[in-house]
């Protein structure tokens, strides 16, 4: 067997490796630093790593070669297993930004009075001597930083993956750390552990489907590379049934990750149970990564078979939006409500995804669906992250107060916090002058120009429903009187404050002058094949 | 497949022998019932009842098992690498060093956290 | 590089059958002999005589034992899980035999009274050694299942322990082999043997060899690593409850495994059936015909003697020392060794090596080690906290059924007739599985 | 070839059903593993059919991932088990709609 | 002076006011004074601008800057006659409202004033926007201050009303969003995506698409206006909110609906408008009659007034969609007059309610004895509302009814009945509340104070003035109507196109 030495474009992939390296380094620190010094070291290390990677991403993105027709830019790396193109770089940037936000939230120690929101010692049983000891001696799990970095690594790999195997590996790399992170809450351990369990079991289950889909597609195309698969579809070689079933199964896997109906069941439980910081990071990051991957998979690998999967997308998108919006109304817990709203948002994003059109079908200068989805991801991410960050502030002696009734009268208690939260909600509801509106506009446009007006119609109606429960919360905060002593708002350290502030600022900025980011997403261009 | 059939033959042979001896001992051996004899051995005292499913054992074993998996996987990757080392040479070396180093990180962590200490 | 296995898979069915039977017989005899040899040698070491009644020098002693065992009552404790209990010994024995299928006893020879030529080896495959490892680890199932199904605390712990230590040492063993493959560029036993024509790997890869030797002792649960049947603690280990031929089967399996690991060692490190080097120059015919079989068994017996010798002379390790040794010394050592070997290899291959890569590689590893061993010492840097930290792995010696409060140390616990606890521990389990 | 694929499909289905019907988290988990291995089988079968190695390599990686999943999964399940002394999925019911 | 970005100024001034006011130290009258100051400033600016308006029509004071290139969106402002009047109306009413609700909205008057100013800024932007996207954005943006105005001030149960209001409006807005996006797609198909009204008017859209787009816009505007059957939010809101808020809502925000119908439905989607005419006219008539009838049955004064404007908006829509010059002119004139008259009604009613502590008509009687001025002004405003000759609404109402007769006799007939009904509800309300013996058991009713008179006087004056001399308004309106109708395919001198033909193409 002759053997070709593979080549690795370190010069282009280094942001990826930086993140991974930092993660490993984090583990080493964890192993060799005395407990006292870990927190600071880990935080600084993680932040430094992420910022470096971000800069690197910018640099890499700057000198992507533009391909022949100019709509796409970039090249395949790692023997064609990774695609380094505009969208990839864009998504890398986004993920890294959210990751930075995540680190800031993770590092918040002031709310819990000197300790982080993570379990003093996950292995110690709640209510046992060991645990009491752990919490009294101010232990906390600094492992969360390396874990998160690994997740980030996966999130960066996921949208870049250009063959099914890499896709799968990336999927797991990003999921596994999240499973663990979900179970590490300091307060309400049982809930948190339960969330982890559910997330894990369902996640593993779905990844099983995903994998089987890969196997079938491989059976169909005889290759794992997206390009080759696309070719196989175009030339219609291989057994079409394999293709269809495989496609379906892959879709199941991805739909699960993005929490699209009917695979959204885990979302509320996990979002509620997980430590809010983790929820914030997860909600933003996972969606970005997963949608990036979904776009690439369906546009590049199954692009020439659009007419097969678009109908499926239609159904799923509609279902997701309806389920998300309707179930959200019934929620009495802020985190759950946000979770369901994120389901609804998944639906909107899918609306954008199914707006896939080939460049020839579009007028020059018209918004592409890729552009739309990328932009929506940015807006959604910032809004969600900010919103969850705010949730961490509203608390009482028992920790965070996520039950809505306890939020009544927040507007009087702390106008600022309430205002910011209301702002985020309005953004999610898609009120003009917030980023949410532009995002909605973009994805709807994509879908509409692809002739999916029924979906858009449903989307519009569901956003009305969604608006209802957002508004209800606002009303709760402003116009109803607090029950009991009312909610009290803890004063965050600068870390959380910054996260919230940036989130709000960006949400406003993107609502008023979305131009730059839109153009950036436009410049990112199409996926390379 | 030809290469594997002989293995099958030998396997069958062994299986035959094993089963045979299990059966034969059951047949040949004497049968004298005695309650105490059928109890599980515990230094002659009343045996502690076994919980269903074998009860629970220390986490140590879990850790060990996990470590084993990790390293076994590493080995799985090392073997083909080793066999085709000559083809890759330096590249292979560097990559594998990185790989080993990565695994080592985890290993070091477990070590430091007392994962390898049996008390 | 491609393994030339063309010699294999050509045999007519009867030849295959004969070979199989031969191997089988050889193994059984070998076992009987080994047991006898062990008892005699150990006896000598302890200034005793050892078995000398049945047959010349008591050679038939072990056979007699075997027959006696067959005539003993075959007890199945009522607490046992019948099916598994019966299945376990079978499961332990089969792999033991099967592994020998790929061991080369000698070169290609002519079958007497025919003109068929065939290698003195049942079969071979591109991944023969991997095959050996795989099958061998199946044997572990036999043990752990045997221990679990007996429904006795001692058996359970014995089974657990032996499986734990087996897997621990299997890692070291597996790592030790990498160097060999690296040099042989093949995983087929015959290929490896062929590659050792001029130089045995036992010499150039001494560290691997040593590591392998150690880990093979651990792998076979032999003294000084025979903790599973540490009589003081665990009575008979996993086969406490076994009697009659079932017990014999376990015994057989253990001894065959001894032979197997020895044979593998021979094949991988001592040039397999190749005549002791130098000999060929004096006597060219040494590596032809059936002579190699002699060399092969010679080497195997050498290993077996070492086994016996160790048992005769070394005290048993403490469990923690034993595990620590496996995990903290053998594995890192072999990893480093692998990298070293690879480096040397690539050096020799492309002569003038561009240095920086090498430095990078070594640097990374060296750094890791430095760090590791610097900090490795001061475990007690922050005792209390480390304690709490280590609590995650709370445990100590296995003592099921464990009380609600978590693990309890020492062997005293089971003596309490704490049925209540057990029931409670088990209650959820009962509820869950269905 | 097809037999292997079919076998894979069957195994996958069994695993699937197991996940959906069994209650013990560990059993559920084992079923998931079964699904993964079914995928492995399918992959290898297809690799043989297409005569390229991608499938087999994939199988390798799947093993790795499966291992990682085992580590994480068992850890989580065990923590829950330690806290509530039951590995039943049904008992995990604090989070409701 | 044309180089001054007047419209931007008119938007920025109140915006700044809105941002400043909340930070003025509370407890004193200072925040209110600051807020009012900004409102008056804006008014002045508006008047100055108006003087510079050239009555030959066409878009004036235009500004245009690229905003979101990717969407082809511009920050484009400009007013024609219609826009100008609406802007003026807004700028006039806001200070009046502020004064009127001077001590109604304590303790946090600062917030009320800020929100009102914010609302004003957005409203001006709405009336001035000549870019559909920009229009949509501010159109939606108005909801937020409105929501907080309703929910934050007023009577018990207001927060529910606020939510209802917001959801209705949002629903409309989002449906409209679909059409807005539709415009993008259409224009993209036609070449380059754009949102400028001028460009959009230029390109011809195939009838089918037009109808979809039209539906989107019309539903939104119908909810806004409001029209039967999507009017239900109106009465609740006016009942619960403070009268000041009600004025802002009914007299300014709701105009956006009818304004939009003229600006977008007719100008951008002429075919579809013609196609839809019959249905719309019928709906309009229903609103007219239904609004009036329900109003008669009300016992809550504010609710009643709210419902009357349902009827009035029916008239306006009718005027717009009969597609004749008189209709158009009448409608626009009506929008102005209704603004003034209803504002007066609401405010005065507000004063009464404040004195009586209830809005229930059955709880009042004999106010005129105690407070003749109050009663008098109330009567005038009421008569204006029911279109008494000599008061400005009369002119517009007549124009509309004539147009309706031109369109179809039955339409005219139904429209006429409304006059009668209007007379009934206004006079009956007056008779029940003002006349009759005083009710000693109820708190005494002091007459209007100076501030209150100051508030009401200008409105009544305007009513009378425009009643006798509507020319200035008409001069401004006519060119607009002509251009609009020519878009629809109706030239001023020829009669309106029968709807039937419109429907067939």
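Every chain is named by a letter (A, B, C, D and E) in the order it is written, and numbering of its residues begins at 1.
Note that a contact is a pair of C-beta atoms (placed from the backbone, for glycine too) under 8 Å apart; a residue touches a chain by one contact, two chains touch by 3 or more.
Per UniProt, the chains are A = NADH-quinone oxidoreductase subunit N; B = NADH-quinone oxidoreductase subunit A; C = NADH-quinone oxidoreductase subunit H; D = NADH-quinone oxidoreductase subunit K; E = NADH-quinone oxidoreductase subunit M.
Predicted model, so just to flag it, every value in this text is computed and none were measured.
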Path length in the contact graph (chain A to chain E, fewest steps): 1
Chain nearest the global centroid, as defined over all protein CA atoms shown: A
A-D or A-B, whichever has more C-beta pairs in contact: A-D
Mean-CA-position distance for chain E and chain C (Å): 91
Inter-chain centre distance, chain A versus chain B - centres from mean C-alpha coordinates, in Å: 40
Rounded Å distance, chain B centre to chain E centre (Cα mean): 82
Intercentroid distance (Cα basis), chain C paired with chain B, Å: 11
Per-residue multi-chain contacts in chain B, two or more chains: 59, 72, 84, 101, 105, 108, 111-113
Junction residues of chain D, two or more chains touched: 82
List of chain B residues in touch with chain C within their complex: 2-7, 9-11, 13-15, 17-19, 21-22, 24-26, 28-32, 37-43, 45-61, 63-65, 67-68, 71-72, 75, 78-79, 82-86, 89-90, 92-94, 96-98, 100-101, 104-105, 107-108, 111-119
Chain A residues touching chain E - in the complex, by the definition given at the top: 362-367, 371, 426, 429-433, 437-438, 440-441, 444-445, 448-449, 453, 456-457, 460-461, 463-464, 467-468, 471-472, 475, 478-480, 513-515, 518-519, 522
Of all residues in chain A, those that touch chain B in their complex: 1-3, 5-6, 24, 27-28, 30-32
Of chain A, residues touching chain D in the complex: 122-123, 125-126, 164-165, 168-169, 172, 176, 179-180, 183, 189-191, 193-198, 200-201, 204-205, 207-209, 211-212, 214-216, 218-219, 222-224, 268-269, 272-273, 327, 330, 336
Chain B residues within the chain D interface of the complex: 59, 62, 66, 69-70, 72-73, 76-77
